[in-house]
Amino acid sequence: MESLITYDCRPKLDNVVFIEGLPGVGNVGKIAADFLAYKLEGQRMASILFSDLPAQVMIDYDNHPYAINVELWYVKDVNGKDIIFLLGENQASTPQGQFELCKLVFEKIIPYDPKVVLTLGGFGLGEIVKDPHVLGAVNEQKLKSRLEKIGVEFRPGEPQGGIIGAAAMFVAFANEYEVDAACLMGETSGFLVDHKSAQKVVEVLCRFLGIEIDTSEMQENIEQIDQINDEVQALADSKPEDLSYYR
Amino acid sequence: MESLITYDCRPKLDNVVFIEGLPGVGNVGKIAADFLAYKLEGQRMASILFSDLPAQVMIDYDNHPYAINVELWYVKDVNGKDIIFLLGENQASTPQGQFELCKLVFEKIIPYDPKVVLTLGGFGLGEIVKDPHVLGAVNEQKLKSRLEKIGVEFRPGEPQGGIIGAAAMFVAFANEYEVDAACLMGETSGFLVDHKSAQKVVEVLCRFLGIEIDTSEMQENIEQIDQINDEVQALADSKPEDLSYYR
Amino acid sequence: MESLITYDCRPKLDNVVFIEGLPGVGNVGKIAADFLAYKLEGQRMASILFSDLPAQVMIDYDNHPYAINVELWYVKDVNGKDIIFLLGENQASTPQGQFELCKLVFEKIIPYDPKVVLTLGGFGLGEIVKDPHVLGAVNEQKLKSRLEKIGVEFRPGEPQGGIIGAAAMFVAFANEYEVDAACLMGETSGFLVDHKSAQKVVEVLCRFLGIEIDTSEMQENIEQIDQINDEVQALADSKPEDLSYYR
Amino acid sequence: MESLITYDCRPKLDNVVFIEGLPGVGNVGKIAADFLAYKLEGQRMASILFSDLPAQVMIDYDNHPYAINVELWYVKDVNGKDIIFLLGENQASTPQGQFELCKLVFEKIIPYDPKVVLTLGGFGLGEIVKDPHVLGAVNEQKLKSRLEKIGVEFRPGEPQGGIIGAAAMFVAFANEYEVDAACLMGETSGFLVDHKSAQKVVEVLCRFLGIEIDTSEMQENIEQIDQINDEVQALADSKPEDLSYYR
């Protein structure tokens, strides 16, 4: 497979935290990463076109075509840490592409000597989640203790089906390169784009980084989620058979 | 994926306009590019075999086998500009192949320092189009103004589904290489090979290049399109249910 | 894709004719090439494992496993010409693999400076063929005249659907490298492995090479084909509806 | 396709036996290889991530994510021989991936100058096997005699469908590199993960290596297999029509 990487800039970064937030279950990881990068006023450092993303451009409201790509964004000095985000609208479309795109990105990140890799995702429960927790998987005991202290739950052997896609591959490569890594998964029904679960992931990330950010902009979307969840739950209580599609 | 490029010649070209016209919706882009290259008496400069095109040769009426390939053609001094066309009977068959074939071609074009990349296509409306307009997407404001003046329409966010295939990829690569680029899309029902829409695209291209060419050779095909469109429209007006297949 | 080529020997060859005979319609090309190589007492010069062939070994009656590969065989001084055969039990399984395997082989053949490339195949008619002719497609006028004189038929634009697979790709590459090439196609119903059609192709090849070989060993198989064809034809005449599967 | 190989160590090894035991029919090969490596207290020497394995990590009971990979393990001085095992939870998912992953591994093994390559698998019979035999395919006559003496059966032309996947590819590559190689296949119904058949393969391997190991740890699983087989056989005897799914 082939790629075309274009750098907007090549910032000098120290004490790097790498955060992956591509689309996935409930889009939890993508929403959380996009929101955090936005609130921290991240700057784009690179655009990556890749042959296993759709051969497509989208058109914006100025009639400007933009490719379906993934992008690296960065923020300097977030409480003493520099962050690199991997953001985008798509993951690669085949397992081979997932591997190769993540390897390509990982090899661009390694020269920055990342202290920790955090991959974000949703943990799909297949049922309404009123109060989503954030689950973790982690390749280093100290990091686990640290995450437990800020509210991340660790359930032995969960998720049973493992983790797939970019959230998995960056952890897999971090294992090989002996970089500390965790996957943070917000519980979600998986039925909806879940801003509520994403907010919980954002809160964990803020505690991890030792910062506070205002998540009120997520509130409108969250209330929508709550409302839909309530409606689905009411329906489930009264006519469980009507929900067979979602189960 | 692999390729085999054979050069017929390596012309010295200046002030290059690159025009892509491979098959697609209504074959609008292909017809327009083929016709323009023919009227301008283009010469073939290269043939490109590529592993994601069908593994097939076609047989002509002299029993000569010719491969399914894509080809670069050129025309010198069209009102002060040199043109390179990408022509062919097929696009690559997978998204990965689309990316890699277009990247391969783009990297052959870049050394000619193209001033503008124009990709041609059809904008499928899914209904009879009596008087097709040419829509545009463009990566540079000056180019947009220039195209608007010669009759190209810009509708914010259209096409909503984006642009796919070669017409998209060359614009995507042009973005990365900071080359001015536009996609010109003739409105078409998408039901038929649409010479009428292609004629409108040819007219826009002629105005863009500041030339006049005789499109009367397209007229016979256009009248056929008009006639079929009229018949379909009459049927649609009298028995709309019979058109369900086309909608 | 990847390959592993093992040479048994690297013969010095002159005035080379390259003959491709991999499986295809009615297996006509494979049977003809295998038979000719056998009668001319060909020697294997190379075995080619390729990642787009099945990941499989077959077991012979001595319990020896042998890979599904393609092989180059050679014969020296066949009436002043040296022949290289491409033989095998399979073609590559994807269009991409067809391209890459044929390109790989072609690039091994080119250093031998082949005078002519002959690809063999079946021309499927979809009906019983009592007296199969051999059709040709050819990239050079002199070669066409020469083939016409030895009984090859040239029907303008036929086969209408073109030629696919290895028989096509070697002709396509020969075009690009400006090597004389022809595809010789034995007419066949396409319902059966057709030794009768293959015999006709062998006869054309012998006339082309100016040699005589004894094809009586093919006779038993041919009589079987004749018998089956007669039975199918009798059935077709009496109960045409029973043959719908074959049509 | 791409890979990432991480070495835990680079042991000096002599008189090397390479044993492949990836999952397959009845998981016979995997169980046998895993068990032998465990009893011989093998050490991991390398982990191989490969783009045609699932893009996935699994989570263990310490919440540690581990990639779906294949691994090389080694044991020194097993009765004068050093062993390298290829172990893992998955084979590559496409024929192309099978070829490329096995080639990659084989090229890592070749510098150790292996004296013999043994690939392990199941021979699926599609019916209950009370007393499984171990069948062989072998590329060298002396090795065949040696295996026959320790109880391996050789049935001409069997398995008729050949051998597929990693068990086939390593034998295919060994043929090309002229390394002695055998595939050892435990008879199995193919309905179940078959520890009983695997035990027979382990016994053959021990005789081949001239060692004794205690297989009693396999006994509990074997008794389960026997019990299930008995139940299925009883069902088959009384109500054969109920077993149509398994046949």
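Labels A, B, C and D are assigned to the chains in the order they are written; within every chain, residues are numbered from 1.
The criterion applied here is as follows: contacts are C-beta pairs under 8 Å (C-beta built on N, C-alpha and C of every residue); 3 or more make two chains touch, one makes a residue touch a chain.
The shown structure was predicted, so the numbers you read here are calculated from the model rather than taken from an experiment.
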For this session: Could you label the chain C-chain D interface same or different, taking same to mean over half of its residue numbers are used by both chains?
Result: different
Exercise. Computing the C-alpha centre of each chain, which chain sits at the greatest distance from chain A?
Worked result: C
Problem set entry | Distance between chain centroids, defined by C-alpha means - chain B, chain D (Å) | 54
For this session: Mind checking the centre-to-centre distance between chain A and chain D? Centres are C-alpha means, answer in whole Å.
Result: 38
Problem set entry | Junction residues of chain A, two or more chains touched | none
Problem set entry | Contact pairs between chains, per stated definition | A-B, A-D, B-C, C-D
For this session: Can you check the complex and tell me which residues of chain B touch chain A?
Result: 95-96, 98-100, 102-103, 136-139, 144, 154-160, 162-165, 168-169, 171-173, 175-176, 181, 183
Problem set entry | Complex interface listing, chain B residues touching chain C | 1-2, 4, 6, 47, 49-68, 93, 97
